[in-house]
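Read through the structure below, which is laid out as structure tokens, and then see the notes.
Chain lettering (A, B, C and D) follows the sequence in which the chains are written, and residue indices restart at 1 in each chain.
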Amino acid sequence: MNTFGSLFRITTFGESHGPGIGVIIDGCPAGLPITAEEIQVALDRRRPGQSDLTTPRSEADRVEVQSGIFRDETTGTPISLYIRNQDQHSHDYSHIEHAYRPSHADFTYDQKYGRRDFRGGGRSSARETAARVAAGAVAQKLLDQHGIRVSSYVSQVGAVAVPVGYEQLDLGLIDSNPVRCPHPETAERMADLIRQVRDRHDTVGGYVTCVVQGVPAGLGEPVFDKLHSELGRAMLGINAVKGFEYGSGFSGVLLFGSEHNDAFYTDEAGQVRTRTNHSGGIQGGISNGQDIYFRVAFKPVATILQSQQTINDQGEAISLAGRGRHDPCVLPRAVPIVDAMTALVLADMLLRARANRV
Amino acid sequence: MNTFGSLFRITTFGESHGPGIGVIIDGCPAGLPITAEEIQVALDRRRPGQSDLTTPRSEADRVEVQSGIFRDETTGTPISLYIRNQDQHSHDYSHIEHAYRPSHADFTYDQKYGRRDFRGGGRSSARETAARVAAGAVAQKLLDQHGIRVSSYVSQVGAVAVPVGYEQLDLGLIDSNPVRCPHPETAERMADLIRQVRDRHDTVGGYVTCVVQGVPAGLGEPVFDKLHSELGRAMLGINAVKGFEYGSGFSGVLLFGSEHNDAFYTDEAGQVRTRTNHSGGIQGGISNGQDIYFRVAFKPVATILQSQQTINDQGEAISLAGRGRHDPCVLPRAVPIVDAMTALVLADMLLRARANRV
Amino acid sequence: MNTFGSLFRITTFGESHGPGIGVIIDGCPAGLPITAEEIQVALDRRRPGQSDLTTPRSEADRVEVQSGIFRDETTGTPISLYIRNQDQHSHDYSHIEHAYRPSHADFTYDQKYGRRDFRGGGRSSARETAARVAAGAVAQKLLDQHGIRVSSYVSQVGAVAVPVGYEQLDLGLIDSNPVRCPHPETAERMADLIRQVRDRHDTVGGYVTCVVQGVPAGLGEPVFDKLHSELGRAMLGINAVKGFEYGSGFSGVLLFGSEHNDAFYTDEAGQVRTRTNHSGGIQGGISNGQDIYFRVAFKPVATILQSQQTINDQGEAISLAGRGRHDPCVLPRAVPIVDAMTALVLADMLLRARANRV
Amino acid sequence: MNTFGSLFRITTFGESHGPGIGVIIDGCPAGLPITAEEIQVALDRRRPGQSDLTTPRSEADRVEVQSGIFRDETTGTPISLYIRNQDQHSHDYSHIEHAYRPSHADFTYDQKYGRRDFRGGGRSSARETAARVAAGAVAQKLLDQHGIRVSSYVSQVGAVAVPVGYEQLDLGLIDSNPVRCPHPETAERMADLIRQVRDRHDTVGGYVTCVVQGVPAGLGEPVFDKLHSELGRAMLGINAVKGFEYGSGFSGVLLFGSEHNDAFYTDEAGQVRTRTNHSGGIQGGISNGQDIYFRVAFKPVATILQSQQTINDQGEAISLAGRGRHDPCVLPRAVPIVDAMTALVLADMLLRARANRV
């Protein structure tokens, strides 16, 4: 289903080239201060056309609040956020009506549903994620009330990687460059790579790292709804994501148990802490009060402005080239989506934790 | 909640040292032939004490069918499977009643619930996964009817990795050695490493690779319940898992879009296929009929038979050493758990797909 | 939550005097032919201002399809239906901003949420049911494909009751008069009563009877999601509903078991039938192929154009009179809502039944 | 599905003549004091063989706690309660293996699932409700902490009705007689009627009235999960229930709006109250702090010890008579089931209300 979350729950709708896209947020507690402008700020970070590194399409993406907010406060009723599509009729998509674009969802949607709205990818378009970003802005407002900060950044593009861990970065620099990498020298190299790839009419993938600070101990649910299971599911639900790891992740296998275990201690302020954080702030699926961090792998975008061999819906071989304006690298625009989905998971877990004890 | 799945839905219960553990399977279609013996076969693969590589604890783990199966067929009503705990009173757990074991869930459960059943880890013990394995055996029976085969194997232990991809392995060899690695030479080296680690009273992690063959195109749900999102969530819900990647995964970022895209073609039999399978059999969250494959990272087990520094529930520094019989490496016993959770996801998606079209 | 249904699932949003109201339909199978015009027809039956028996407010209630329908067919993606509110700023609601109207939801919303959108009842307004009617039109299209017909009618207003059972009525006459009672003489008497009540500035309640024909045997789920449990829940969720009974209902207690039991027989066509239908077409929570029928009680509308004693949100006694244009009797306009909710339950059960057997 | 509730959630399993029946309670907050003995007390009220008015079958129905309770407190993990069936092999059910008993679920289960466990009705047997009663005892413990009292009683058997409302009864007398009617003279007449019916080998139905006192204002969820919608659904899910009404119910249509509205006032203690309570303590689907009351109609039991005409699973006419020991009237034993389901709904709503506000 097109619903995510248990108590803080969103349902998105809309196709890339239909009238618009939107989201219903159900379960947001009453009394949360929020304005359309605050939601717009989040949307603007995902908007196309922000720099020469992303698609030159310029879309306004203005959010309209249709319900659930009254006098700049949530009322406890469903919040409907709607974003009209611009120029929905301006493009010609007849060349892909019957084509199966490589590594897109054209073939699989046809197999599943027996039909698809082929215009711009329809429902499978990454445009749908704008609705998630809008909802995430509301979730983040709830996190604000608990002092929880979500900071995602681009940590690798192709083979160009930030050489240090997040602890050694100034996360305040994330938006200081169009790549959204808070390590300025690496950001430059990433930007260069993206421009090269763009000029070759190709695309490149990368990693987003996300850090969540200020999470109280006790969030997350055993055994299937572990905090990291929900985060992983949320990330894997973002278009183009191929992998998720948290804490020590895949490289944790290179440590032995005696090295990997995070020793507990009580600090001077009487706070329980761990000397290392291979656990990534989550133990047994529940937050332990340390920083949560995880990494998300995005494949190179499937739409390339080169001719490719594929088939049409009759199974006949054809060649096909992408048209129009596309992102050579989605990573910079993926950052606000990772932020949003992370905020949504945490908002949900905050509400669920209210039922922990009598 | 302790429930997994939407239409083919399981709910597990039970603590490591309570009377027993079990699972309720709800939504299994009527008319599926299944016997307790078939479930037992799956459980036996997860059972402790199978070789010198795993814990020498010997637990019978006999499954009892309490409901839902009549005359060796499912009836459509809930299937209750129960496994009594052996010797539940035989161990002394007083040394950990007030201790927070490093990288275990003791601290976080206390933070969340204000109490915990500390005996053997209680609910957070990996013993709970036996219930999942039992349920997975029923799910696999449903997959059998559709020709879907799930094959998991140990692909890496510490730094010892299978040097080839799954396509070059004989998956029939998985159970031919106690490591459950179908590459015999590598299996030997893995076994050596595990014995070394065991003798050092340490532990080691690794990867399980899972391959699913025979999946029809069209399984999976946009946009949040993508097939790989559900698989990822299922894997991340297994104890000790730190990461999940499918298809090209994390290394996919080293390819450009023009290299990563999987070109469609129609084979001689008229079947739509792709020339490469970086997509891992899933496009837009929906199966495309090619092999599904993914990889799961397990950290080294947290229980080590060495003394470690930690704190107790008063925040006081203590030192603590694991007692009893534990696995130096969970990977061989993780294989049937990965199999089970994969089967459960696919069984659920098979049922969900029945509502795709009018 | 504001979601109804399991597989054929709707989520409604919107307040009486916000920008608009709407519904997201998720899980509707692909390939269902449907047009905005067909949805509009259902909405027009619920629309205010249809006769002198209902509120003279004239609202256009035009439905806009925002997603999920392409080339007049459902695509399997969420269907968003939106109805803009007219003249949302034209009324002055300051007299009820701080008042608790008797037998309205003003007090309880304030108690629950600490605030409310007081304009026209906000979310608790019956206006929200327009969204349900729009969704029900889509559900009915699915039922059409299975030959299932839902027919609701007004069977009692105040003490004026249709003197015969549904079997003796021509259900084709339901829309032949503004009361929506297919027994013309009774309809006349009901209309007279409603006009009298209206002229006294009072309101009156009544019953809607619903008959569902053509339901195949086998719909409904034991043990909690029985077909009649879901129907009952759906009806009780409609504003002003106070009771639900199906089959013999409350009067069934006047029969002994030997009289109440419905004897099975096989008719000439080889169909299994029952000689009586006290079961109301449902046995053990599952449809048995006979007609389903039930009855729903609506209280008199709470808004009356008379002065009433009540309190304000400071607990102070005040007197208050309804203003504007209201329904003296909601029964005629409740009929399409009962139709819609019934269709939604059955559409959901039709999809759920697809998982009954392997 | 066999699951009820959202946050305080139960899943029942088991057949009448399988090894046993049981329930998993998921979402019960940690720290609730509860013992097996307390659960047993509730079960004993539902147990067969309590008086000469109910079935003379004597079943011990001993509850076993399999998980989730440690040191007489809930731990926050799933609570598994199991009740072994006695003498599961002692009866011969071959006479109904192929017969469709009138007004039972035999035919509909066969239609739905293509098979059924025919022994004693299998899953459709009212025996399943013992699991609900056990779970309800845990829910009631949670209500105790909030001062919420649930009191159900038999208010009518056949045409013999308690002549006064619940306000004029001493609810402490409910268990003072085997009928569970707190109006002693009426209880006598009911008992007489039940004995007459029993001696005629027939059965009789009736009403249970339920009163819930001490409910705080603010429980219940708009718009589909109204408090009375959930109560209605819960009641309609009990075997043999044909109707539900709350507050003024079906007879509310005989009042005009000016009579039916409940005027608010502030009492001497500063509490908001209503002068009448036609609303039954629920307005807009949310509790208003007044007493909640509702009424549930039970049909006469379908199993009668008389010969009846019916068909077998080949569609052939047969005659069939009930055997063994059955209840001539389920009302006395239905009382604890109504109590249990009511407690479960309220426990769920209590937890859900924790997410109302920031």
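Heads up, the rule we're going with is that contacts are C-beta pairs under 8 Å (C-beta built on N, C-alpha and C of every residue); 3 or more make two chains touch, one makes a residue touch a chain.
Just so you know, these numbers come straight off a predicted model, no measurement behind them.
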item	value
Labels of chains that are neighbours to chain C and to chain D	A, B
Per Cα centroids, the chain farthest from chain C	B
Interchain centroid distance [CA atoms averaged], chain A/chain C, Å	39
Whole-Å separation of chain centres (CA-atom averages), chain A against chain B	26
Distance between the centres, which are taken as Cα means, of chain D and chain A, whole angstrom	46
Sequence positions of chain C contacting 2 or more other chains	1-3, 12, 27, 30-31, 76-77, 112-114, 123, 222, 356-357
Touch-based graph of the chains, sorted into line, ring, star, complete or other	complete
Footprint of chain B on chain A - complex, ascending	1-4, 12, 100, 102-105, 107-109, 111-114, 123-124, 128, 156-159, 197, 200, 202-207, 217-226, 228-230, 232-234, 236-237, 242-250, 252-258, 260-266, 270, 272, 274, 278-280, 282-289, 297-304, 306, 308-311, 315-317, 353, 356-357
Complex contact set, residues of chain B against chain C	7, 27, 29-32, 74, 76-77, 142, 145, 222, 351, 354-358
Complex contact set, residues of chain A against chain C	1-3, 9, 11-15, 18-22, 24, 26-27, 30-31, 64-68, 70, 73, 75-80, 82, 112-117, 122-123
